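Chain nomenclature is as follows: A, B, C and D, assigned in order of appearance, with residue numbering initiated at 1 for each chain independently.
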Amino acid sequence: MSRGNDNGQWTSDEMMTVAAARELGDEAVCFVGIGLPSTAANVARRMHAPNAVLIYESGCIGSRPDHLPASIGDGVLSESAVANVGVVEIFSYWLQAGRIDVGFLGAAQIDRFANINTTVIGPYDAPSVRLPGAGGAPEIAANCGEVIITLRHSRRAFVEELDFVTSLGHGTGNGCREQLGLRGQGPSAVISDLGVLRPDPATKELKLTSVHPGVSVDDVRDATGWDLQVADNYEVTPAPTFEELTVLRKLKAVS
Amino acid sequence: MGEFLSLREAVARYVEDGQTLALEGFTHLIPFAAGHEIIRQQRRDLTLVRMTPDLVYDQLIGAGCARKLIFGWGGNPGVGSLHRMRDAVENQFPRPLEVEEHSHAGLAERWRAGAAGLPFGVLRGYVGTSLADHTKTIASISCPFTGEELTAVPAINPDVGIIHAQQADRDGNVMYWGITGVQKECVLASCHSIVTVEEVVDELAVRTGGVVLPAWAVDAVAVVPGGAHPSYAHDYSDRDNDFYAAWDPIGRSRDAFAEWLAGVVEGES
Amino acid sequence: MGEFLSLREAVARYVEDGQTLALEGFTHLIPFAAGHEIIRQQRRDLTLVRMTPDLVYDQLIGAGCARKLIFGWGGNPGVGSLHRMRDAVENQFPRPLEVEEHSHAGLAERWRAGAAGLPFGVLRGYVGTSLADHTKTIASISCPFTGEELTAVPAINPDVGIIHAQQADRDGNVMYWGITGVQKECVLASCHSIVTVEEVVDELAVRTGGVVLPAWAVDAVAVVPGGAHPSYAHDYSDRDNDFYAAWDPIGRSRDAFAEWLAGVVEGES
Amino acid sequence: MSRGNDNGQWTSDEMMTVAAARELGDEAVCFVGIGLPSTAANVARRMHAPNAVLIYESGCIGSRPDHLPASIGDGVLSESAVANVGVVEIFSYWLQAGRIDVGFLGAAQIDRFANINTTVIGPYDAPSVRLPGAGGAPEIAANCGEVIITLRHSRRAFVEELDFVTSLGHGTGNGCREQLGLRGQGPSAVISDLGVLRPDPATKELKLTSVHPGVSVDDVRDATGWDLQVADNYEVTPAPTFEELTVLRKLKAVS
């Protein structure tokens, strides 16, 4: 399902990518997963965040790829990096030490507290779907200053209860991360193809804070597996600009 | 001691049924040729360790070589699932596959501990996740100075560690560069190690970030140009993204996989 | 963020009385010029951390900057004793010096833990020695999987870490090569870091074994050619072994040292 | 005090260095301290042990220096090495992991079980002499396959009781290392300017097993601070050969 705007100038995936890119501040040090997170981070670097530092768990620090990598281990990430280090070092000296401002994660499923499942659907020992597993996500979610999550909206993705918590978001709600001794602040935004959700400061439950152009609040509610809270002052996400779309499509075209 | 052997000899000498084996390489420098040789030699009951199983383990699992998988992320990067691995986990085909699941940070620390001769490593990890509920090799540990609770994971020390590198010199010293992953740890943590290389050179390259393994820390070196395909060797080849995409329908179908497998078994090492 | 400052500004901005400070460099790349600037700015009550105190800490201790020393080997390599350090330990001159003594392996692990954001590190060390009887920061720890007893040491996280490197590029990225010691750990474990460099270049050198620190991981970069003398900067200068030998009579005599000190204090930064 | 042979062809220091060099087997992987250990290892490499691998704690693996370094951090060690690694790695991945066959150590003092003191003479908190301290020695002594110790003979060096055990030799005697869980076998030889001492296999107490040419057993006993045991079949150390002396002096000359 790919929604676009009225006159087909952009797709909902493009809206999602652009909205994610906008989250990344200039000079932010960002741990980037492959796929949409990497695309969004590279759009941001070409737009408002030229000094953002992209770090890939393959050990590439400060990569400036001229095209989108197909994996987190593509040669272009290493070649264009300021420094290349081993995987032990990237996780211990850089991620774990709290040097990363923003972690950019995808997800198969999330719940209302932005906890993530990328492991199994169904019982662990007899899963109906075996997903890829944790990868770098649990410690990215734990140790980055903040976390931005991107995934497409559906009732199978935004679920009432996760079968498996692969990466902790806000756990059971406000105070949970602090109680567990986690250093990072956890997810600050969930960006889907329908809108943007942010944790309520008081409860840490996700609230719809903006809907993408052409999407109604009911559309989002219908695609969410729990009773979704909506911010009083929710907004309409600004549509992708011509420049954003140009940068994004140019990046996609050469990959 | 960096002995030059053919890949066939190296696998025949060091790899045995029932062993714990690691073929490492983080997207880059994945030792596919060595994996295929293990399939050809029909090794069985292997415990396979790898941060990202990738196609090479999908192939070994589909060929029935593995009884257990220790891993962190089992997908086809940028494409989708590893269907042979899923078929083994979901349907026990071609045989049941026991799974020991960690995060990448946890596995990296297990490799570090293994290479460092320690029985365990420590990290800030797994807290609040379901992983510790299902993986026995995740424990809690207290800092003796601050009382803070952290996570401990046991060292990995495979019987054989296998990697691919760009170069060996004539003395058997090995060098690789680009994305260097956990290969040093894999070789140093393993009882024996096999390195396939693109070529033998008079002088190793000069590369910032390059890793050199002295010959005496490696058991066997086998010259296998292109031995990482469809993965790649920085400055020697590009990642064959098309093959990764093409693997999806092969891995998805038991019949297509059987056909692919027959081709590998008939192939030359 | 790799900001270019004069050495005087960098020390003035980041180094304060009472801090824990580390000037690292393993024989090679010892940041002597930075040490002299700290002497000139008359910082006091410092806790100084270094694997091998070397002449630079003999000078800081003799100048009365230090109240505590955390170290592993306090000698003049290839020559003999550090007499200012001995005078402080044996005779409390010019002031008492508290000593926290470790092995090099233990300090390396403390640096690793500090850089990795862990409160402690683990090693096979100290067992059967008298070190644990006199050093409180050595503890026992059990492996949660095997029950084996190992040794734990707390992380080092200085207020300021100072190193010398061969190059910075115009963005403030830093590179050093040759014997690379624990300098990466020192910079990453410290709250703030100062790097003195031989020169600023358009492109960093290409060197196997070279270490690159991205600009955003360093606070200040100061261009100080020869800033490691009498230590050396690989490919830029040679170790001044004559100076190390000549230091012995200077350090041995309080008067000769006072004269040397006056010269430093009058010197330009 | 430097004894030589009858006609002054070599000094006792040269004898000590040559005797130490002879201990190093070909293809041995050897962790080398600076000073006499480094000299001995480099003599061995030019004589009977061309394939010995010299490792320095500064992170140099497989160094082949063309002159003797003045410190363990000299540029020639790095330049001539097969691989250069950081100090954290050399101690953890190489020494601690049990990859080193032989550790070559100097000492200020040893006792009858070849325990080493390089820390203090007198009480720790008010020492009469403050020695340099531990450096790499405690873990070299703990983790190498075997350890060779070199120091000059005197009653101040070979003492009844150490004021401080910096590095463990055989502890309190046979079985002590095993009980402490140490992996390496501990000191296999102590080489002085007067002779060679080796641990008795049954008790691990050092026994005089050879005296250097021109040295009597009583000379060694007089210079030892405990009641030194002497092997029944003790030998006279073969004098330095012309070739050994040539190699040693050539090495010294260019350093």
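In this section, a residue touches a chain if its C-beta (ideal position, glycine included) is under 8 Å from a C-beta of that chain, and two chains touch if they have at least 3 such contacts.
The shown structure was predicted, so the numbers you read here are calculated from the model rather than taken from an experiment.
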item	value
Shared chain contacts [chain C and chain D, defined touch]	B
Chain A-chain C separation of Cα centroids, rounded to whole Å	40
Intercentroid distance (Cα basis), chain D paired with chain A, Å	58
Separation of chain A from chain B, taking each centre as the mean of its C-alpha atoms, in whole Å	28
Sequence positions of chain B contacting 2 or more other chains	117-118, 123-124, 148, 184-185, 208-209, 212
Per-residue overlap in chain D, given as positions that touch at least 2 other chains	83, 92, 96, 143
Chain contact topology (line, ring, star, complete or other)	other
Touching chain combinations (by label order)	A-B, A-C, B-C, B-D, C-D
Chain C-facing residues of chain A, complex	27, 29, 53, 61-62, 82-83, 92-93, 96-99, 143
Chain C to chain B touching residues, read off their complex	117-124, 137, 139-141, 143-146, 148, 150, 152, 154, 175, 204-210, 212
Partner chain A, residues of chain C touching it in the complex	1, 115-118, 173, 184-185, 188, 212-217
List of chain C residues in touch with chain D within their complex	26-28, 51-52, 71-75, 77-78, 81-82, 85-86, 89-90, 101-106, 108-109, 111-112, 123-131, 133-134, 148-149, 177-182, 184-185, 208-209, 211, 232, 234, 238-239, 241, 244
For the chain A and chain B complex, residues of the former touching the latter	34-35, 57-60, 70-75, 77-79, 83-88, 91-92, 95-96, 119, 124, 127-139, 142-143, 164-168, 171, 176-177, 180-183
